[in-house]
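Naming follows writing order (A, B and C), and every chain is counted from residue 1.
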Amino acid sequence: MGRASQIVYGALGVVLFLAGWEVIGQYRLAGLTWPPLSTVIEFLGTSSRWPLFGRALASTMSSAATGFLIGVSLGLVLALGVHLLPRLRPGTDRLAAMVNAIPAIALGPILIVTFDRAGTPAALAAIHVFFLVYVAVSSGLTAAQRAQQDLLTVLGAKRTMRLKLLEAPAALPAFASSLKVALSASILGAILGEWFGAPRGLGVIILNAMENFQIPLLWSAVLLAAGISLALFGLATWLERAVHRRFR
Amino acid sequence: MTRHGLSQIWGILLLFLAWQLWVTAGAYNAIVIPRPLDVLADLVTDPSAYLEPTAATVLVAVLGLALGTLLGAGLAIAAWTSRVLAGMLTPLGLVFSSVPVVCLIPVLARLFGYDERTVLAVVAVITFFPCFVFTAAGLRATPPMTAELFRSLGAGRAKVLHRLALPAAVPQMMIALRVTAAQSILAAMVAEFLMGTGGLGNLFAVSHTDFKMSRAFGASLVAMVLSTVVYAATARAERRVRERWT
Amino acid sequence: MSPPSLKSAIELVGVSKDYRLDRSTSVKALDGIDLAIGEGEFVALIGPSGCGKSTILRLLASLEEPSAGTVKVAGGPPAALAAAHRLGVAFQDHALLPWLPVARNVALPFQVAGRAVDQAKVADLLRLVGLTGFEAARPSQLSGGMRQRASIARSLVLDPEVLLLDEPFGALDAVTRRHMNIELQRIWQERGTTTLLVTHSVDEALFLADRVVVMSKRPGRILAIHPVPFARPRLPDIMRAEEFHHLADRLTLALEPESRAA
C-alpha cells in the first residue's frame, strides 16, 4: 500500500473514531457516562480551567520526569554492573523482576512511608522505568555478534575498551527502544502513584472526578493525559528510529 | 544444584532480609508495614481466607484475557483481510497503545459501574492492545513466497488464513500472551481494589482498612507469586512454540 | 620443518582440538598438528572444507585454546601478541562495526591500542585496497567484496608482526582478486610480516606463498608441505609458466581424494 493511501486511511480511521465518539455521546448510546467529544473539548478549552489543569499537569509531569531520570540512571548503573560482574546477574535479574511484579497497591503503603505521599508517584514511576531499562540494557550489552567480539579480542582490547568501542554502541538500539516504553510507563506510574493520596496531579483529578461523578472533568483529564502521553511517545519513536538507523 | 539455586534467589532473600530489618529498625508499627515472617505466618495458618479471593481474581483474569485475546486477534485478522481496514486501524492502535491504561480504569468504572464487569473490562482492554498489535505483526510476517504459492494453487483467502497466515502468526501471539497474562493478574488486582468487588485486590483493601496488614500483604504476595508463575509458564510455552514452529 | 636459519614466529607442536557438541559427543577438528613458520615467511594453508584450517587460525589468534599440544606465536602465547596489538587478522566474517564509517572501522585498531589515529596510514591502506572515496560510507552501503577489502586494510593498519588471513579474497571477483594478490605480495615484501593464508585457490597459494601446507579432511592432519620454488618478486605471468601448472596440478591432485571423501 502506497504511503499516501496509508496516511489517508489512517486519518480516516481517526476521524471515524472521533465521529463515533461524538455520536455515542450525543445520543447517550452508552449512557450518561460517555460524553460527546464536543463537550469534552469545550470543557478542556474553557480558559478558566487552565490554571487547574496546568498545575495538575505540571505536578504529574514533574513526578514522571523525576521517576524517569532516577529509573533510567538506576537501570543503567545496575545493567553495567551486572555486565562487568556476570556472577551477580541471575540474582539481580530475579530481584528486579520480583520488585517489578509487586502489585502497585502493595507498593503504595511502603512508598508512602518511605517517600511521603507527594513522592510516591515519582517512586512508583522509577521502579517500573528501572526494570524496563535494566532488562533492555543488560541484554543489549551482550548483543554484539560473536565475530565482533572476536575482533576486539584479536585487537587486544582491554575490558573497558571493549565496553566503550563495541558493547555500549551495540546496546544503544535496545536502550533507545526501552526509553520509549519507559516514557509511557513513567506517566502511567506517576498517575497511579497519585491515587495513593498525592496532594495534586492529573491522577488526583481523575480519581476525584470518578468518585464525584464529574463526567466531563473525568474525560477531560484522561484526554489530557492521553494527549501528552501520545505526543511524548511520538517524539520518543522519532528518536528511537534515528538511533536504530545509526547503530544497526 | 543448591549453589545454582542460591545464585538465582540471593537477591530476593536479601530483599526479605532488608524488609525484616527495616521494619524492626524503623520500629514501624505493624499497622503500617507488617513483618515478612508475620505475612508468611498468616498465609500458612489461614490459607482458606485466601482461597476464594484468589479463585475470583484468577477467574476474572482468565476471562478478561480470553476476551481481550479474542477481540485483539479477531480485529487483527479483520485488518489482515482488508487493506483498508488495516490502514484505518494501525494509527488508531498506536494512539491507544500509548494511552496510560490506568487512566481508563475510572472511565470504565463509570461506564460499567462499580462491579465485576469493570474488572473484566479492564483486563480485557489491557489484553486487547498488545494482542492486536502482535497478532497483526505476526500475520503480516507470512512468508511472501508461500502466500503466492497458495494463491497459484487456487487457495481462497480463508484457506490461506487457516493454513498459512495464522500458523505463521502463532509465535507472535505467544509473545503477546506472555506479556498480557502476567499483567492480567496485577491489573485485575488494581481494578478490584478500586471497585470493591471480590478478589485479591478487594482482600487487600478490606484487610488494609481493618489494619490486618499481614493479610493485606499476604494477598499481594499471592498475586505476585501467581503473576510470576504465569509469566514463567507462558514464557516457557512461548519458547517451546518457537522451537517447534520456526 | 622450517629452514634452520630462520627463527620460528609461529609454532604448533602436537596440537589437537576437540569441540564438544553435546554431553556425549565431541568432534575432533585437529589431530596432532606440527607446524613451524619462520619469521617473515609466507605460508599458505589449503585443504577440503571442514578440515580445520580456520581452527588453526583461531588458535593462533588466541580465540581458542588447543585441547592438546602447544601453540606459540612470536615465542609466547598468542594472547600475549594480541594484547600487545601486534597481531593482524582478516577472517571470513569481516566484522565491521555497522555504526562506524569505513575509515573509522579501518582505524579501529588505533583506538583499541589507545594510540592516536594515523590518518595518513588509514588513507594509504584504503587506497591500496581500492576504497578511496568510500571513507564516509557505512558498511551496510558496501558490497560484500568491499567490506572484505576494508577488513584487510584494517588488519594491516598497525603494521602487525604476524598476519592471519582466512580466505580474505573469497568475496572478490577474479580481477580484483588478482590485483589484491599482487598488492599483498608487495606489502609482505616491504614489511616482512609473517603471514599465514588460508585459501581455496591453489593458484593464489602458489603465487603468494613460500610453502604450501596441504591438510587432510577432518580430523585435520598435515598431509604434506610443498616448498614453492619461484623467485621473488613474482609477477602475474608466472601463472602461465609450465612449472606453475605442474605444481598446481600436483597440489590439486593431493587435495582431490580428500575432497572427494570429505
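Heads up, the rule we're going with is that a residue touches a chain if its C-beta (ideal position, glycine included) is under 8 Å from a C-beta of that chain, and two chains touch if they have at least 3 such contacts.
Just so we're clear, the structure is a prediction, and the values are computed from it rather than from any experiment.
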Q: Compare the CA centroid of chain B with every other chain's and tell me the farthest one.
A: C
**Q.** Geometric centre: closest chain by C-alpha means
**A.** A
Q | chain A-chain C separation of Cα centroids, rounded to whole Å | A | 50
Q: Go ahead and note the Å separation of the Cα centroids belonging to chain B and chain C.
A: 54
Q. Measuring from the mean C-alpha position of chain A to the mean C-alpha position of chain B, what distance in angstrom results?
A. 18
Q) chain C touches which residues of chain A in the complex? A) 145, 147-148, 150-157, 161, 165-166, 169, 172, 246-248
**Q.** Of all residues in chain B, those that touch chain A in their complex
**A.** 7-12, 14-15, 28, 32-33, 83-84, 86-92, 95, 98-104, 106-107, 109-111, 182, 186, 189-190, 193, 201, 204-205, 208, 216-217, 220, 223-224, 227-228, 231
(Q) Quick check: in the complex, which residue numbers of chain A touch chain B? (A) 1, 5-6, 8-14, 16-17, 30-31, 33-34, 87, 90-99, 101-106, 109-110, 113, 184, 187-188, 191-192, 203, 206-207, 209-210, 213, 215, 218-219, 221-222, 225-226, 229-230, 233
(Q) Going by the contact rule set out above, which residues of chain C touch chain A in the complex? (A) 61-63, 82-85, 87, 89, 91, 93-95, 97-99, 108-109, 111-114, 140
